[in-house]
Structures are given as structure tokens and as C-alpha cells.
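In what follows, a single structure is set out as C-alpha cells and then discussed.
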Amino acid sequence: MAGSSFGNVFRISTFGESHGAAIGVVVDGCPAGLTIDEGFIQSELDRRRPGQSAIVTQRKESDTVQILSGIFEGKSTGTPIAMVIPNTDARSQDYNHIAEAFRPSHADFTWQSKFGLRDHRGGGRSSARETAARVAAGAIAKLFLMENGISVSAYVSQVGQLKLAQPYEALNLLLTESNPVRCPDPEMAIQMEALIREVRKAGDTIGGVVSCVIQNCPAGLGEPVFDKLHADLGKAMLSINACKGFEYGSGFEGVTLRGSEHNDAFYNDGGAIKTRTNHSGGIQGGISNGMDIYFRAAFKPVATIVAEQESVNEQGEPAMVSGKGRHDPCVLPRAVPIVEAMAALVVADHLLRGRGAKV
Amino acid sequence: MAGSSFGNVFRISTFGESHGAAIGVVVDGCPAGLTIDEGFIQSELDRRRPGQSAIVTQRKESDTVQILSGIFEGKSTGTPIAMVIPNTDARSQDYNHIAEAFRPSHADFTWQSKFGLRDHRGGGRSSARETAARVAAGAIAKLFLMENGISVSAYVSQVGQLKLAQPYEALNLLLTESNPVRCPDPEMAIQMEALIREVRKAGDTIGGVVSCVIQNCPAGLGEPVFDKLHADLGKAMLSINACKGFEYGSGFEGVTLRGSEHNDAFYNDGGAIKTRTNHSGGIQGGISNGMDIYFRAAFKPVATIVAEQESVNEQGEPAMVSGKGRHDPCVLPRAVPIVEAMAALVVADHLLRGRGAKV
Amino acid sequence: MAGSSFGNVFRISTFGESHGAAIGVVVDGCPAGLTIDEGFIQSELDRRRPGQSAIVTQRKESDTVQILSGIFEGKSTGTPIAMVIPNTDARSQDYNHIAEAFRPSHADFTWQSKFGLRDHRGGGRSSARETAARVAAGAIAKLFLMENGISVSAYVSQVGQLKLAQPYEALNLLLTESNPVRCPDPEMAIQMEALIREVRKAGDTIGGVVSCVIQNCPAGLGEPVFDKLHADLGKAMLSINACKGFEYGSGFEGVTLRGSEHNDAFYNDGGAIKTRTNHSGGIQGGISNGMDIYFRAAFKPVATIVAEQESVNEQGEPAMVSGKGRHDPCVLPRAVPIVEAMAALVVADHLLRGRGAKV
Amino acid sequence: MAGSSFGNVFRISTFGESHGAAIGVVVDGCPAGLTIDEGFIQSELDRRRPGQSAIVTQRKESDTVQILSGIFEGKSTGTPIAMVIPNTDARSQDYNHIAEAFRPSHADFTWQSKFGLRDHRGGGRSSARETAARVAAGAIAKLFLMENGISVSAYVSQVGQLKLAQPYEALNLLLTESNPVRCPDPEMAIQMEALIREVRKAGDTIGGVVSCVIQNCPAGLGEPVFDKLHADLGKAMLSINACKGFEYGSGFEGVTLRGSEHNDAFYNDGGAIKTRTNHSGGIQGGISNGMDIYFRAAFKPVATIVAEQESVNEQGEPAMVSGKGRHDPCVLPRAVPIVEAMAALVVADHLLRGRGAKV
């Protein structure tokens, strides 16, 4: 019940602390017979890796994955796939100050409250480093989705006040990886990058939004009532460090529409039932309808900043704290592969759960 | 795996279709020794009940709860509490048209895609009537929270374009039940009610936002990594019919702030560790920090409208459809007790899960 | 986590106390499109019902099932099937003595220890009456298995010292229902019935063994490692009231064999891979191999006896106790449909789980 | 759903194949603040290790455990404890014959049937090598139980026809580790060892029984209905490779007793409620009553033997097979720590689950 597992049929359990020996993940429930491209897993990790560009943290982790089990002669065997990513650049001394005072808007205080002790080094398990394990597992899920023709594409759609005006259909998502921000609009990407650089220079941080679209998902995925497809996607996103909000389809803006404007009319497009608009975001009643699934996830500004901040220590005494670790000025570029990974895990899980729907 | 259960330790399983014999819920994991006030359960159901005011559906369901098990001499026994709410006003003939064509932006098409058949009467299990079972279960959860001094208060903060400007601290939440809209600002409530009446007269519907605040929640609730407290709250809200978005604390708007503005400084308030601001929404690293937990949930306009709409039938042929059932012009007023119920279920579950945190 | 649910994909949750309003069950995860014969469900309940013959308890419960949800036009819809069995012959006054002292070898003391209070009437939820809910759910599972050609047949193979010498292959299992003991050997049935009558006359009780065979189960059911098919069958049996032991295939006796005697040689029987012997009991490495699955479950003598017994009350003071309720002298005849129900639930669950095994 | 996890609150997930890179386990849900003695974990593994004596397999695995996470400054942190045991003596060529034909009474055929492919090397994941991961996890559970004063002691009580006549109370369990058989009766141990040597010389194998007693377990552990304490113990034992049966308390033999002989009278022993006899095996109604919990688990003769046996290959063609790997003539001595580990995991899980029983 301790919360480090996700999914029901395609299920992952992550482990590891930021400055321990390693982080890792066990993927249980991956069907047998899936061709596993280890290079693809590594390439996904590389998209999340520190030091990949000038606008992310300069921690020097190679994030090299080692597969311990579950694959034989290049194929999944139906048994747990364990993957380990050793920690190599753990400058724990950078974090000694964390032991002394609770960093504002970090998890130091709450973990201490919950467990009575904590591994403070680099935030321990509350570090976003844990998400590397999710990306490795998500890569397996993506391989399974690819076999089913389903794609998952995320991108940065907002940094601070800079917000893409276009919907995803008006963007060329193949350009997402063409710039360090991971914004598929090259001009906006340049502005965003400049903003992030400016923020970093000020020793500060900034938030933003990742948008994601899942294409070619068949109708019928998602379970009634509690395990609705978008509810699981929402939980998946909200479980990512720094995520503060989730909306799908028309989202928060859709509440101002009338039903007559918001409803998506059905029509027959050469045999396929489609909708004329897609305010539903590809999901109706919690179940996919075959249209594109799209959603947005909000990420707050990174809590680690250079300036001194008011806080207290474990004894409750006043204590100033300031960021000393090598941190991201903006989490958004590295959040893109994490969002994709979590979305892929949700869809893979529901693909398998859906196999029980009919006699 | 079919999705009709929610929670881990305090766990509910709902059942029932809109026009079947009954809907109901089994609550498993409620600790023994809790005093159960059956009148309170009924009063919560009455807040969700159809026909409670002129601005909600006029279906005539009394929603009278029958408790079948789990309570002895006024106290919970630690065994499953089963509650049944018979369906009494099931005018199934109002829904014959549903059998013939998929209602736009309803769950008819997706359920048919998933299961190959469906109970079309009143939407069957995809009907929001299912949420009555959640409210009954949520009432048990609320009783458990009350024993722990925790309160959960939701209210309507937006209908269409009409949006409360004040944060929850500036409102008197005791006024929420003083008007049929369930907006604690009496003047705004009058405007919202007028808007809903206008929309209904036009045979149309409108969306909105429910805000919710959880007070006096102890620090330490929520599990690391996937089962973060806000991730479970988000899933809970997104699992409610018509919910399209969730945000907590600073939410989507917070992404435009700098870290130096957004961080919540800690201080010692006479022995209690508090934060000067609360952009965190009472949750840091997925775990409650003892401050107020607050969040917002977006609800789309109800999909049932009077006007004729384009659609297709099960054979994929063009078919027009228009609303004939007695529906809500705006789901928001009745969503308030549902939001509270789901929030209470999440907190109750995490209160119990938290008992395993320390040796 | 409170233990009233069983199964993973085909999952049941039972509720209800012996002398409360009703007992019941929610079956979640039954695939859509299964033809549900309500008469069959009732006929299974009738096999477990009190008062069915002179050698079982004479409590007068009709055990009439009411289906509240999940079935439409005679077919399962993929949504939870809720079934309720009202309690009608609840002579609670027969059980007032239970409130005063802990009945030896009953669950009174342990439930009181665990929960701090208990519904003592008829044993409350610890009563074997709860198993009626399992039989109703098991009937749904059986219908699903029948669609897959799988049969589950249990019978009484031992009462006290009276033990069938033949293996199941040498018996005509169609005779099981031909006598009140449910022993398919008519001569042994007569002896067993005489023994049970003698025991009852003495105000005493006696134990025995139920044997069960599952036929036509395809190879490949069961999950590696922990959720082995026989481990789930074992848990299912041991969860039945009064069950003290479980063995499958060669069981406890097989430990005296050498590997060379015990191993089951494979051969090709006209295209089907079979084994020459079946010490494996149809399961190898926790996964079915296509041969008959067979197992035995031991049931202790019923704890309720007429004679006075030494005990203590809630205050720990000495208190004598003697059985006053209408009890079974031997639980075996009524255990047969319960064993079948639990076995069917396990196999149905694994049939559905198995759908995720391959890409 | 793939079956490699066990437990609810104290939950383990194992991974790894016999001849892959490593096997391992993630323990999630261990409470924070538990002192972790790594030497104890290793010493438990050493009890299960190949090559520990002349009567077990001579495979040369050191089974050295590496802890990757979840422990900080000698204490558990409440986060997942990942442990890895590298495979070092993987002579895969010894197992090439397995690729060609299904070994009788092994899992080769059933895994192939289920997954369509398999890692045949040393039996892959169906190898009993997986149980090393359980022993490592069980050591953590034992440390938690020790903090609660609970002990778990298993021993070999039968090898082939050689069966201890005494109950556990008449044995000195401190002698269990004094001989390679792990039988606490030194004279019987000599006979058993001789039998195992004789069997091995014949290229054959033999089965037996492990008995286990759990002492000082508080009353109140175990959940009503399905997750009864003995049902979970039973499933735990039956999930161990080669286990064919489980019984607790009076077990199969108890069925011949009358209720008047079998019932355990309660009495007050200086303030503690005890029973005069303990046919219940310390569990009544699925919940511990504070008396000793004891049970027996049957293990079949190891399936790998030297003699040639009839079988078929993947094409269904006749193929002879004979054991070439270094195997155990009798699994019993090495099963003792595995039985203890699984029992400890069950009790630890229920200790934590029990924290939710009362308000």
C-alpha cells in the first residue's frame, strides 16, 4: 500500500533514491512475445537525462539502464522485466544543508512528518530522479503500443506566460525534438528558451504546461465508473513531481460553453464512426471513442532556487535555506518524455484490461 | 478489474443501473467502532437528490437508503457496510430513443464499442445516478473524518462565465447550502441561478467549476510516488461524470509564477509548523503538510439538450437525436455533495493507509 | 483491505451478517454478453440451503436471490452484478447466550479481539451463512466456465473415519446429488448418512473431506510464482468456514514416493499432449497442463455442540456454554456446492487473467 | 496481474530467471524506522543457498545480496527496499536439453503453453532459484516480527516414510540448524540424511513435509471471510515450488474427531485468555487467538532425476529426457528457510493490515 506501484495488468513498481546505489523499476504483466529494443529504452532515458542541453540541470548522470530479467532472445517472456539505473554523480555533500532545514515547497517536511525520518540526500525518493524509472518502464509500454499502432506525443505548450495559441492539430509534432525546449513551434521555442535562460540567470525558476496527444487509440479503452481512461491519465500526470493540474478535451475552458456548442456530433466517415468536433478529447463516459485523446498537464516552477528563503529546521527553529544542488530552471523540457511514459503506461494497461470486456 | 471499486483500505464498490432495480454500494474497510448516524447518510443523499430545487432535474427519486449490513447497535463492526437505494421513478420509455441512436457526447457509443451491448435505459450504468452510491459511501467516510476533526467543504465557484473572484478564505462557506446553486456568495448565487434558468428555458445546458477545501487534515497523509494525495484526489474528481479537469493549490495559473514567488516559506506558529503562503494547496511531494488542502474541478455542460443533433445509430446510419428525459440544465449544484463525498473517501483511505508508515 | 473480496479480474465482494437484513455479493468483472440463467443461480443456492434434508440444520431460510444490477435482457452487461439474499428466519434470541460467553472453537473471541465489538447474533459475519453469497457468485462463474466447456464437480469423499477408497475416475459423479450426503458411491453414502444421524442424536458433530475435480480446463491457466493456480485454489478452499487443509494431485501421500515414481511422463495422444499418470493433479509449475485438476479439502467437525463446554466471557470470567441454535451435525453435504463455487471463481478469474499472457 | 507480487500492505515483488543476470525483490510497505541488519539477511540466504551441505545441490551460487534502496543510516525509510542477487554459476549448457523436450513434472510444458515461448535455461523463472528473493524479503519481515516479539520456526518433520512422531511442543527447535537435514530430532535427522544419501546415489529424489510454528503472535491477526490468516498462510506455502498440500492445526486428521473432542475450551490463565487444547492451530474464524500457530506443508519429490524418461518436444514428437543439471535429491532441508520466509511475510502483512481494524 506504500504507493510505489502503478497500473493493474501492465503494472510497474519503482524503487530507489536520488543518492542511493541505484534507481530502478520492475514491469510485471508485459505480455510475452513483445520484441524489446533495448536501444529504444536507452534513447527514451536520454530524452529525460540531466545535462542534455544548456537549459536543464548539469548533474552528470549517464542514466544507463541495465536489464536484469524478463527478456530472452530479444523478446519479453511474460515474466517481470527488472531494470536498474545506477546512480553515478551523487554529490551528496551538495545536500547536507537539506538535513538541517526543510526546503520550502519541497517534500522534506512532509516526508519527515509521515515517516519520522528521511533520506535527505538530494531529496531521497522524493527527487524527480525517480521518474527515470518511469521512463524506462514507459518505453516498454510504448513498444507494446507501437505493435498496436498507437502513438503518444507530448510537447511543451507553455512556459511562464509564453503559451502556444495553436491546438495540436495545427502543429508539426515531428519538430518537438528539434529544439531543447521540446516545443514544436520553432519560433515559440526560441522565445521559451530565452525565457528559461533569463530565469536561470536570475537564480530563479519558472513553470509551464505540457500538452499530449494519443493517436490511433481504438474505441473501447477505459473502465466504467472509477477507472475511467481520463481519470487514470489524470492520476498518472498528477503523480509526476511538480504537476499541479490536469485537463483533457475542452478542459477548464469548456465549462463556459453551452451543451449545444460543446456536444460532438457523430457521423459515419466511410465506415468509421467519428465526431465532427472533439471537445470530448477522445473519451466519452471514461471510455475512448477512437478520436484523438488529448490533455494538458500543469507544472509549477521548480522549488529549488538560489535565493535565501525563510524556513525551519527539524526542531521547528527558524533556519534560512538556499539552493545549492544543480537544479533545473524549468522542468518542462525534461517533463515531456515523462508525460509520454506515464500516458503510455495507462493506455497499455487499459489495452490489456479491455481484453476481459466481452465473453 | 472492471473499475467499479475505489480506495485501498477504505474501499468502496458501487453497483447498479439508472433504471434497474436499485443502485448501491459496499463499503469495505471502515474501522469498527464508528458511530453511524443513518440520518446523516440520508441527509447527504438529499443534497444530491433530483427534484430538490427548480434548477435541477425534476425526476422524482426519493433516494431512500437501506442499510443491509455492517452496523450493529449503531456502530460499524468492521465488516462490509452494504447500502441499497431502490430506483422508483424509472420512466424507461423516456429513453427508448437512446436505443436507436448514440446521444452525442454521452457514453452510449463508447459502452457499445467496449461491451458489444448495453443497458440503454437512462444511460444504464453510465448515468450520473451512480454517484448517489458514492454519496452514501462518502457519508460514512465523512463520519470517520469528523471523528478525526477533519472537514470537507465544496461549493460552486463558477457557472459558465460567472466566476467567483474571491478565494475560499474570503467566503463564508456556511452559506453554501443557503441557496439552490450552492454558491456561498449570495449575490453571485442569484446571478448563477438566473443564468441556469435562462439556459434551461433555451433547452440548453451550461458547465462550471466546483471548488473544495479540506481543513484540519494532519500532516503526513498521502503516499510517495504514485499514490500522492493530490493524484488520488484528482482521479477521484475525474471519475465523476462530466468532470474535465482538476487542479490543486496554485494549479494552472501557478505556472506563470517564478519559484521565488511560488514557494511557501515555513515558519513556526506557536509550535505548529505552517507556511506563510499556500500555493502548495496543503500538499507537498504528494503528502499533506497540515495546511488547508484546496482544489478545483471543472464540469462540462450536460450533454442532454432539447435541440435535435446529428448522430448515427448502431448500424452506423445517420440518425437525429434530441433529449427527452428530465435532465439537469447545469450539473454543478448537485455535483457539490459528490465532490465532497469523493474527497472524503480519498482522505479516509489515506488516513488508514498512513497507519502503516512507521514501525 | 478488510478481506471481503476475492479474485482479481473476475472479482467478488460479499457482505452481510447471519441475522442482519440480508447477505449478498457484488460480482465485478464478469464479461459482457454472458447468458445468465437466474434459475441456475437459485438451484445452486438450493443445494447449499438449510433444511434441504434431515441431516442438515433445520433453520428455515428459503435463500431466495434477488438480482439488482448487471443483467439486461438476459445477458451480463459487463457491469457489477449485485445479488441480495434476504435473511428471513433469524431467531436472534437463540443466540443471546453467545453475547455472554465465547463459544469454543468459534470466531467469537477472535473477532472481539480484533474489532473490540461484534454482532454476536448467529455469529454475525463469521457465520457460514456468508457462503450463500459465494454460491450465488460461483453460479455466475460456472455459467462462464460452461461457455468454455469446463466443468467443476465436488463430492463428499470422507465423513469421520468413513473414507472412499476409489479415486474420482472410478466414481460416477452424476450420482453425487442422488443422496443427501452428496457421496457418489451409494453404499458409502448410506453408511455416511447413518454416521451423521448417529452423531446428531448424540448432540455431537463430525468432520470430513470434500474432493473436487475440474475437467476440460485448457493448458495455460495460472500465473507464475505467487498466483499459481493451485495456490489460489488452496486459498479459496481454506477461506471456507471450517476448512483445515488442502492438497492437490498426489498431496500429502505423494511425499513418500520417489521422483521416478511420481513424475508424469508426457506423450502425444492423437495431437493432444497428455501425461500417462497425473500425480501433478493437472497443474505443473502453478499452471494447468490440460489434464484433470483434482484436490481435496478437509473440514473440521462443526464447533456448535449440545454439551456444556468450559469457556470465558468478555470479562475473562469462567462461563459455561452449550449450543442452542439449529446447527449442522456435519458440514460436508452443504460444503459441496461451496467448494464448487469457490473453485469455479478461481478458474474463471484465471481464464480472464490468462488473456493478458501473450502480445 | 502477472502474479509476481505477494502481500497487501507489506508487499513484495520478485523478479529474475535462474540463468539471467540476477534475481531480486522489491519490498514495498515496510514501515519506516525498522533497524535493518544486513548480516541477518545474508545469513538467511545462506540457509537456503546451494552447496551448503553434501545432501543438497552442488550448484555454486554464493547468493550474495546487494541492497539498492530503501535503507538509510541502518534504518528502513518507508520506501521500497530493492535487493538484487546476481547469478554467478549459470552453466546454461547444462540445460540445453531442456530446450529440446519438456521435462516430466516440470513447468516447461505449461509455461510454453501459456506464453508461447520460454527462457528454458535452468527452468527460467519457474526455477526454485526464485525463492532466494523470497528469503531475502522474508528476512526483512522477520526483523519486523522480532520487533513485535513474534518468532517463526520451521523444520523438516518428514522425509519419505520417515516421519517425526512428536508434535512441535515435544521438540527442541533450537536443534533444527544442528544438522544438514534441519530436523530437530538428532536421531531422526541421521536416518533422514541416510535416506537422502541413498536416494541421491540411486539418481532419484524423495519428498517430505516441513512443519512450522509461529509463536507469540497476538490475538486479532487475519481478516474475515477471504483473507483469513490460515488462507493466506496456505496460499503462501502452496506458492512455493513443489508444495502439494497444506494443513493447519488438527488438519486432515482432525476430520475424524467429534466436535466434543475437537473443540478447544477457553480458560483464563492469569489474565490471558487461552485454550486448553489447540486443535484450532492458533486461528479461529481466520483470526489468530494468541495461541501458537502451527501448520504443515507437503513437498513432492524433486522432478529432476537421472533416469531417462518419456516425454515430447515442442513439436509434440516423442523425446526422451534425463536430468543433467546439478539438482537436489530432496528439497526439504532448503525448504525450511523458504517456509519461514513466506510465513513471516504473511504475518507481517497482517500485522500492518490489522492497524485498520478499529477507529
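Each chain carries a letter (A, B, C and D) given by its place in the written order, and its residues are counted from 1.
Definition applied: contacts are C-beta pairs under 8 Å (C-beta built on N, C-alpha and C of every residue); 3 or more make two chains touch, one makes a residue touch a chain.
Values in this document were obtained by computation on a predicted structure and should not be read as measured data.
Put simply, the chain farthest from subunit B by mean CA position is D.
Look at the contact of subunit A with subunit D and you find the same residues on each copy: over half of the numbers used there are shared.
Same interface as C-D, judged by over half of the contact pairs sharing residue numbers, among the pairs A-B, A-D or A-C: A-B. With each centre defined as the average position of its C-alpha atoms, the distance from subunit A to subunit B rounds to 26 Å.
Centre-to-centre spacing of subunit B and subunit C amounts to 39 Å, using the average Cα coordinate of each chain. Averaged C-alpha coordinates put the centre of subunit B at 46 Å from the centre of subunit D.
Along subunit A, residues 1-5, 8-9, 14, 29, 32-33, 78-79, 114-116, 125, 224, 356-358 each make contact with two or more other chains.
Here subunit B touches subunit C in the complex through residues 1-5, 8-9, 11, 13-17, 20-24, 26, 28-30, 32-33, 66-70, 72, 75, 77-82, 84, 114-119, 124-125, going by the rule given at the top.
Listing the residues of subunit A that touch subunit C in their complex gives 1, 9, 29, 31-34, 76, 78-79, 144, 147, 224, 352, 355-359.
Note for the complex: subunit D touches subunit C at residues 1-6, 8-9, 14, 102, 104-107, 109-111, 113-116, 125-126, 130, 158, 160-161, 199, 202, 204-209, 219-228, 230-232, 234-235, 238-239, 241, 244-252, 254-268, 271, 273, 275-276, 279-281, 283-290, 298-305, 307, 309-312, 316-318, 353-354, 356-358.
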